[in-house]
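Chain lettering (A, B, C and D) follows the sequence in which the chains are written, and residue indices restart at 1 in each chain.
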Amino acid sequence: MTLHPKAEATCGPDNRDAPDYSGLRAVFVNTSLKAANGDSHTAILLEQIATLMTRAGVSVDNIHMRDHHVAYGVQPDMTEHGADRDDWPALWKRIKPANILVVGTPLWLGEESSVCRVLIERLYGMSGELNDKGQSSYYGRVGGSVVTGNEDGIKHAAMTIGYALSHLGYTIPPQADCGWIGEAGPGPSYGDPKEDGTKVGFDNDFTARNATIMAWNLMHMAHLLRDGISNHGNDRRVWQAEGCDPSLPNPEHRV
Amino acid sequence: MTLHPKAEATCGPDNRDAPDYSGLRAVFVNTSLKAANGDSHTAILLEQIATLMTRAGVSVDNIHMRDHHVAYGVQPDMTEHGADRDDWPALWKRIKPANILVVGTPLWLGEESSVCRVLIERLYGMSGELNDKGQSSYYGRVGGSVVTGNEDGIKHAAMTIGYALSHLGYTIPPQADCGWIGEAGPGPSYGDPKEDGTKVGFDNDFTARNATIMAWNLMHMAHLLRDGISNHGNDRRVWQAEGCDPSLPNPEHRV
Amino acid sequence: MTLHPKAEATCGPDNRDAPDYSGLRAVFVNTSLKAANGDSHTAILLEQIATLMTRAGVSVDNIHMRDHHVAYGVQPDMTEHGADRDDWPALWKRIKPANILVVGTPLWLGEESSVCRVLIERLYGMSGELNDKGQSSYYGRVGGSVVTGNEDGIKHAAMTIGYALSHLGYTIPPQADCGWIGEAGPGPSYGDPKEDGTKVGFDNDFTARNATIMAWNLMHMAHLLRDGISNHGNDRRVWQAEGCDPSLPNPEHRV
Amino acid sequence: MTLHPKAEATCGPDNRDAPDYSGLRAVFVNTSLKAANGDSHTAILLEQIATLMTRAGVSVDNIHMRDHHVAYGVQPDMTEHGADRDDWPALWKRIKPANILVVGTPLWLGEESSVCRVLIERLYGMSGELNDKGQSSYYGRVGGSVVTGNEDGIKHAAMTIGYALSHLGYTIPPQADCGWIGEAGPGPSYGDPKEDGTKVGFDNDFTARNATIMAWNLMHMAHLLRDGISNHGNDRRVWQAEGCDPSLPNPEHRV
């Protein structure tokens, strides 16, 4: 993948000042409605960020949600609640250990995709799980969002995703969202070929700038948080608030 | 189903002034994450509105989305685009002719369910279809929303659903949303049995009032619009705006 | 003001089939942050819709919120609650009788303006007022939104405005929102002059189409509702729900 | 102010393990519509968090927005753009140096207040300012939100505030939002006196727990970021993206 020249300039091997973030793990989850990742416009922008991370030594794992059969529900494993099949437990094994989570979504009617909401619901379903410091197991991880669409909704979707991740326990670094949309009305999508051989949106300095800033901020913050966050004052075991119960349908109130 | 006494008082047969709306058709779509409609709390509030409509002579059809295999995507029939199975075309046959659409959703992390977004995406996927007056086929229909949850988000979800329906071509009557949530924090859900034999939320006059007002306003407006809306100035065939193309991924710009 | 040719074609005097909607009243409220209406880009798109309505015989009243000193608060007259000055009661006299309300807002950080929220709060502050049929005094009126910005947020703002109006008692006709935004990143705003003498966004058929459809749908629906809506089942006096009290801070629960 | 016993237990002087965060500065901005801070229910919950921070040695500054005349607009000083008066520059001197920003808002119609949007617009108006590392001057600061209302909207408002702060350059720590709302329908507000002498919402363990966790997470993260964030890859001076111009109305594209 070719990066924007100014994004390229931030990376090794040419840039000897670039931090080495090997040891960090990132997982990218594309919640496109498209069955195949190759048909997704969001995948193209996600890949730019993934490339920057790889170049900084981060180990990157890519998940295309539609490649998997993720069941509806908010329990850790829906096969224990009647589902015939649920690929979530396998995905969770890949998402949980990652220091960095990047959620990509397309826009339909100005909002994140249904597949993105499935992802959020399943992440929410794990929020009853605590780490050994009594915090949500999401503590010490960082999250961001990548949004592409035809004409409207980057900020709306970034709001939804950022809030969900933050509420669950992820840290949201500065400017951890980026995206591309065109002018109001129909038109080509991000990465579509143009007649002159270039690709739609690739000449948009702002999308490239925001993607680059986001990539580095996620890495800087993940590095800073690699040993987790103090559990002084945030240990949920201390509270055992009245009304919490492992059998509750509402995941965040199970502990 | 037992109605709130003041809701009951608006209906026939006892209330001889109640309008007779036989001839109107309504479809209720529950987008609960629950596999079984019987486990859904949203279903309980939906049923109260459906009962009011039935008592006014409206023909009511209930759809529990999870009873069907609705594919992801924004094309009218996703089996033509690679899906193994898609129950949407069959559901569309039931939704399209209905004068009234009521969408019910639970709240997870303060937002509508993923299943609700699937419904919105599939409705959106039909927005390239015009009626014989050149309008979106949703013209002349009315829509509303019913939202239940533990603690937060009725208005957020009603906003999303109402906007989507309106943008597609539904008319939104006054006060066409209702719901129930409890105090911040965990707790019982709408319709859960209480120790004294009553049910959670059933003593909430505001939920009952809003549900009743919503039911009647949907019926009044559907009756008013039963012959459709003038197509002066809104005939999309006149525009054939540059950039529209039947092959476009974006449904509303296919015509 | 010059209309798009296809918008022009829907109007009298040339179009003899155009409905005559004299007798209807519309109020347009621009919630731009700009002190002067003449500096507002949103005003330019609002004017196109106002022109269409005027041409159909509708009496149009334009309010630029920043021309007035509207106090913060949710009471009908904030001078009775400590404010030095409050122009809302005077504005309310113009807004209340209008069959049609069009709210225009710019986008800042992807959302409606603070001035727009002041408008919504003040409209909300009147929701304790009932008409002589026991309904919110907004019944029988119709509402829509016009949104312009640099790069993102039409649908988000339309969602917020449409929901607020609907919840208060306005009817939302089909496709009652329109707007213009450019590609992601900085750039000119709607109506800015271009080097070739044309204006930014004026060549966008979709913005013109949606504005035209919105204008006509608001008029068709206002005409249909000119005698109000039946109060069967929606008379709030019947409920006098426990907990309602004229002294409540929450306007919709004062009756 | 009396804290919840479990919040109290996290603090010095009794808790000798409590971190000492003297040296950190926090600013609390209450965007209540109420003219007087003493009438604001949001102020009561804000004060609990402020108390926790003070007890940890943090220097806390409280701003009640309505005590000041903050002009509408998105320029750093609106008196240079026609406003008669603008207290923002004075407030900015208090907000800018604070390591921690906590925004409090009430809910009206399920959303943040107009005063809250004024705050967001004015913060946005400063986003053209860079620190000496070429980053938004918000880098290295952390933000969170406190939301109270009668019945609905904590998450919606937290979404809006959290996104705005993050997009501007604040870091959002885990679970940096808290709030209180009651059951659907009218009712008392947070902190209202009850007949038994206690106060509404004070017995809600979840509100207390979330407020405590939020307070500590803001402090932990501000401490971690006290020396700022590496500017590798996020130096905006490198980009000087085409289209950026100090005269642009859109603050984030002025540099």
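One rule holds for everything that comes next: a residue touches a chain if its C-beta (ideal position, glycine included) is under 8 Å from a C-beta of that chain, and two chains touch if they have at least 3 such contacts.
No experiment lies behind these values; they were computed from the predicted model shown.
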| query | Measuring centre to centre with C-alpha atoms, which chain is farthest from chain C? | reply | A
| remark: If you tally C-beta contacts across B-C and across A-C, the winner is B-C
| Using the average of all C-alpha atoms in each chain as its centre, how far is it in Å between chain B and chain C? | 25
| remark: chain A and chain B have mean C-alpha positions lying a whole-number Å distance apart equal to 31
| With chain centres defined as C-alpha means, what is the inter-centre distance between chain A and chain C in Å? | 37
| What are the residues of chain C that contact at least two other chains? | 109, 111, 155, 159-160, 163, 167, 185-186, 205-206, 241, 243, 253
| said: So in the complex, the part of chain A that touches chain B is made up of which residues? | reply: 33, 35, 66, 72-74, 82-83, 108-109, 111-115, 117-118, 120-121, 124, 150, 160, 163-164, 167, 185-187, 189, 241, 243-245, 248-250, 253
| What residues of chain C sit close enough to touch chain A in their complex? | 109-111, 151-156, 159, 179-186, 201, 204-207
| request: Could you please specify the touching residues of chain A with respect to chain D in the complex? | output: 6, 9-10, 17-19, 52, 135-136, 138-139, 155, 158-160, 162-163, 166-177, 205-206, 209, 212-213, 215-217, 220-221, 224-225, 229-230, 232-234, 236, 238-239, 241-243, 253
